[in-house]
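Some structures to go through are shown next.
Here come two complexes built around subunit A, the first alongside subunit B, the second alongside subunit C.
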Partner chain A sequence: MNKKKNQWKAWLYLLPALVVLGVFTVWPIINTLRMGFLEGYNSAGERLGQPFSFGFANFTSVIGYSEFTTCLGNTLLLTVVTVPISTMLALLIAVALNSIKPLKKFFQTIFFLPYVTNSIAIGMVFMAMFSMIGVMPGREPMSIGIINTIIEAFGGTRIDWVNQTSGWGANFFVLVVFIVWNALPFKILVLLGGLQNVDKQYYDAAKVDGASRWRIFWRVTVPLLSPMIAYVVITGFIGGFKEYNSIIGIFGDTMGPNTQQGKWNTMVGYIIQNVSGFQGRASAAAIILFAIIFAVTLINLYVSKKKVHY
Partner chain B sequence: MKVVLQHLTKIFPSRNKKDKSAEVVAVNDFNLEIPDGKLIGLLGPSGCGKSTTLYMISGLQAPSNGKIFFGDDDVTALAPENRGIGLVFQNYALYPHMTVQQNILFPLQNLKGENRLSKEEMLTRAYEVAKLVQIDEYMDRKPSELSGGQQQRVAIARALVKMPRVLLLDEPLSNLDARLRLQTREEIRRIQRDTQITTIFVTHDQEEAMSISDFIVVMKLGVIMQTGKPQWVYDDPANLFVAKFLGTPPINVFTGSVRGGALYIGEEEVLSVPGVEDQDVYVGVRPEGFLLDENGGLSCAISGIDVMGRDVSVVSTNANSLNPVVRSIISADEMGKISGESVKFNLKPHKVFLFNKETEQRVYFGEQMAAHEAMVAQMAEEGQNYVTHEGPLPREADDAAKEEVSVPVKKGFLAKIKEKFKKPKDEQPETAEETPESAEEPSESVEEPQAESAKENAPEGEQTDKEG
Partner chain C sequence: MSDEIKKLNENDASSEAEKKPEGEVLGGKDEIAATAKRQTVKKVLVQIGLYTFLTVMAVVVLFPFYWMLISSVKTQAEYNAYNPSLWPRQFIWQNYKGLFVDVHENGIVIEGVADQLNLGTLFLNTVLVGVVSTILSLIVTVLSAYAFARLEFKGKNVLFALMLATMMIPGELFTITNYVTVGSSGLGWVSHSAAEQVTTGESFRAFLALVVPFLVSVFYIYLLRQNFMQIPNELYLAAKVDGTSDLKYLWKVMIPLSAPTLISITILKMMGAWNSYVWPNLVAGEAFKLVTVGLRGAAFKTNELINYPLQMAAVVLVTLPLLIVFIFFRKYIMRGVSRSGIKG
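Now for the complex of A and B:
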């Protein structure tokens, strides 16, 4: 009897969380599925009593749009490039941080700063650093940004990073730098935590066995850290596929240089743009994104099962 | 390879660099010559500096002072990998992600230049060593799939595979259960005999050290107390600490005095000790040093008898005993002699050790001096130097005082806030008691009263710890 009473109490305590989850998570998921599979669905039409038939039209039409394929390509490219770079960098920085004593806390704070800063704000700072202001034909721009100033100070020629005449490579470079830098703190934190849990005796043993630092890193640190690395890679991929803030931070809601709107749009950007008028399409895109993340995560888990030593 | 340690000293600086008094001298002026091909046990209670000594020999810790020689080479400044040592860690430190074979191969794969072996040679070597420690059936297993004893043997194989000049073992048996410990102990002995590598191992278990060592080094608070063959050290302890540390059941210690060539425990004359000046002494009597005798000098009140098959252990009490009970082991045949509630003993002279009450150093009497000199002579003949600690023994009390000072009393933020809110409630009783106390002892640190209040308030104290 007592047990039953306690159960009743437990459910009561869970209720607020369940309600919130139900309203803001479970129902939207169900609704997204519904909207995605109703052909040509939009909420205005539904309110007017327009009938929608069940089918895959949303998916086929979304995949047909060149806009969408650009978004898909951008997302995949940015993710595939930035996740390995940021993971490697984070690993190196974490190992370095773990091996120094003086100023450790100081550097930890510095590397952790991006994590506690709004990524759109950081994006705008990046824009200010890279972009040129007041570009007019035949006239010196008002400001060329700190990066170009530095480049010119070292005798280089300025590059249009993110403005009208900027090329694909320059844009891509800025985006990668920004995304990697933004992704570092969380990864460093996780890896550093993992490193601090590694028994120091392994390193003593390796030292006695005459292993070089490089070998200790590859043969001892990386394998012992592999669960953390797997975690960081999986969450990194998931975060990468949801990339949106960085683009809007650097380019604004044109999602690309002013003259090339939507050039760097991503999956999430596409969904957001469609969500106000074409909920069916947005839902279909969201479901496709989910499927991709799901598949990649499965692959990640499969690979890590073979390579990770728990 | 002969190992020589000269004036080896290790001082751990205090956390607070300005406070010199909180320094810990882990090893203090350690002088020892370890002959080639022997198995040496460094023995002592925890905190005596034995592991630190081992790590200094390995090179993982740099000595604050002193020199280490392997043969004629001064290795003091060499990095661990260049010393040619094999080190087996207390919890083995086997790489969990590598198989047994990969673990054993790891040191070989690190070799560079002309020392580098071909792949086949490496494998042959690994299998040879694995066979030596009888682990060759499990080469493809991960360490987690092995028992504790097997892991231990893999760790030894990994240490042996690069053919070290010196093998170091840190508490090699402490992670094993009693049965395995016995077995592995023999195993280590066998491997050492087969390889003839100078082996130094560290243990706090005197039985372990006694059973396999060629000779043992008894340490206390960073200082060598005595060296020698286990049996010798047992039979001829140089001071009270060594006498108390070796032997199970432990030695019985009484307070006594020597008056006119006779030894008194309390008012009872128990033994004639010719040639000893009058003085107050501690009397150590090994459990096997008692003889049942109706006319014996030492009388004890019986509190129990443990029959252990061949032998009988008589548990009794004596007012002058420093141990809570006097434990004596007599032959089972003699049990018939025990009757009533008290028992009288005579003492076997060679099982009785006298120690000066002030210095706790050994006071020899009768034939003991000659036996001692014979032992020292024989050690010299075998190329070992007899080392004991001269002068007053290091006291535990010094250490206790140090610990009291170094206990950090940190106050968590939360605890502070709680205290603030709490104060008005129980202000009258608590502060009334505390204030005069702190006024009386102004020399004590300011944190002291805080620590007390934290202790009084258990949950608060816990939170303090967590936050710290």
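Now for the complex of A and C:
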């Protein structure tokens, strides 16, 4: 009797969560698949009774758009470049933090700070730092900005990083710097947590054997830390494929320098642009995004199964 | 400070040197001393290298914060100098004033973004969304986690596994359908076309569209369930013997015992509201503007040029609450974050 009563009660406890999940998670999964495979689908048309046939047209047309391929290329490139850089840098910082005693907490707090900021707001700061003011082709700008000032102080020449005349490479550099800056805190936190759990015995043993610091790093630290490294790489890739806020932070919703709209648009940006009018295309793009994330996660898991020790 | 490190290392090195003679019978006393000295020097050099590296990285990490703060108290003229200065020649507070009070001339705003940005309303809206969605989501999360941790029912494990599986799907995939769902052909919370009449209660319905879709986080349910399961069953049985009801037990025993997790969830949820951009920008727009949307959308222009000091003042005010929360709840944030890997 008691058991039956509990059954009923359990579902009552779960009811609010299941209702919200049903409407805003389960239904979207079904409906997005449906919209993706209905050729040329849009919700306004469906309301008016427009028929849509089943097929792959959304996928083939999306892949054919140069807009979309730009987004896909930007997303892949930014991810493939920023994830290894931020992981390597975070690993170095974590190991350095783990080898010092005084001021450790202080440095740890500083390195975590970027995490607790609004990434769009701080993107605007990066924009301000790299931006020149009053840029006109063929004329001296009014202000060259702080980063260019620092570059010139060290004897370099100024570059238009993000303004009207900026090139692809300069934009890319700024985005990579900002994305890495943003990605560091989480990775440092996880890797340092992993390092602190490593048994000191391994290091003592390596020291007794007379191993050099470099050798200890590659032969003891990295293997022992490999589960954590795999974790930050996987989450890094997933986050990277969903990149959107960093571009918004730097460039605003033009997704590129003022005169070059959409230059740095990403997969998520493409989906969001098509949400209001072309749900079929947006769904196809979202399904492709999911497929990429799923595939990369599987590859990562496969590689880490082979490489991750214990 | 560096003396301190040196001392520490010397202690380390000397203790090693003391142990050595047992192993190295052949080495003379002088040789041992020389080796010890070489090791000490090397250790000090490594420590200096580590601190230098960390300091350089810390400067890189902190510089944007510094630039934001310092720019917000500069005059526009000073900021726009060919080579902007690293330290303001003149500190002014007008930029902060300009966020809340406009200077008019012939009925046109010539300075300030108060009217355009409406920072007070943005803050209020965001706090409202944050607080309401946090409270509701805590209630839903606690109830579900309790059911999964303590109650027995058919299909429990299958349901839980299915819920966890949805975590793998990127949220953007939900956004497309949810956009349609909250629109006029669905729940009617948001009108997507400008042609549709703006009706009374529009902001309340936009508010619903901001809060309801994100009430349930499978990850938080998972986190809390793990926490609940660590509480020994004996406590529950003892409470049953005493005739305590399930809800009372949940409220009096389980919730207090899982307070740290609940605090982590609260903070991450509040931060999420503060930082959210995509969804509010898509569905709420002018009807219920949140702080990040307003900040990014405002044009900070004075005399046809972007007024960066004014913009930076706004950025400071948006960033500051987060930093204050971080200072007070550092432990909870870092704990929650290291387990989730999600931002907001």
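In this text, the second predicted complex is superposed on the first by the 302 of 310 C-alpha atoms of A that agree within 3 Å, B and C clash if a C-alpha of one lies under 4 Å from a C-alpha of the other, contacts with A are read in each partner's own complex, and residues count from 1 in each chain.
By our rule, a residue touches a chain if its C-beta (ideal position, glycine included) is under 8 Å from a C-beta of that chain, and two chains touch if they have at least 3 such contacts.
Remember, predicted model here, so these are calculated numbers, not experimental data.
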By the touch definition at the top of the document, which applies to A:235: first (subunit B), second (subunit C), both, or neither?
second
By the touch definition at the top of the document, which applies to A:184: first (subunit B), second (subunit C), both, or neither?
second
For the three-chain arrangement built by superposition, which of subunit B and subunit C touches the greater number of subunit A residues?
C
Please work out whether A:64 is in contact with subunit B alone, subunit C alone, both, or neither, and reply first, second, both or neither.
neither
With the two complexes superposed on chain A, say which partner A:223 touches: subunit B (first), subunit C (second), both, or neither.
first
Quick check on the superposed pair: does A:215 touch subunit B, subunit C, both, or neither? Answer first, second, both or neither.
first
Tell me which partner A:55 touches in the superposition: subunit B (first), subunit C (second), both or neither.
neither
Sort out for me which residues of subunit A touch subunit C in the complex.
3, 6-7, 9-11, 13-14, 16-17, 20-21, 23-29, 31-32, 35, 43, 47, 89, 92-93, 96-97, 99-103, 107, 109-122, 124-126, 128-129, 131, 133-134, 140-146, 149, 152, 181, 184, 186, 189-190, 193, 213, 231, 235, 238, 241-242, 244-245, 248-249, 252-253, 268, 271-272, 275-276, 279, 282-283, 286-287, 289-290, 293-294, 297
The answer for subunit C against subunit A in the complex is residues 1, 4-5, 8, 46-47, 50-51, 53-54, 57-58, 60-65, 67-68, 71, 79-84, 86, 139-141, 143-144, 146-147, 151-154, 156, 159, 163, 166, 168-181, 183, 185, 192, 212-216, 218, 221, 246, 271, 274-275, 277-278, 282, 292, 295-296, 305-306, 308, 311-312, 315, 318-319, 322-323, 325-326, 330, 333-334, 337-338, 341, 343
Residue numbers of subunit B touching subunit A in their complex, please.
58-60, 79-82, 85-87, 89, 91, 93, 95-98, 106-107, 109-111, 158, 162
Parts of subunit A lying in touch with subunit B, wherever the complex brings them together:
199, 201-202, 204-212, 215, 219-220, 223-224, 226, 309
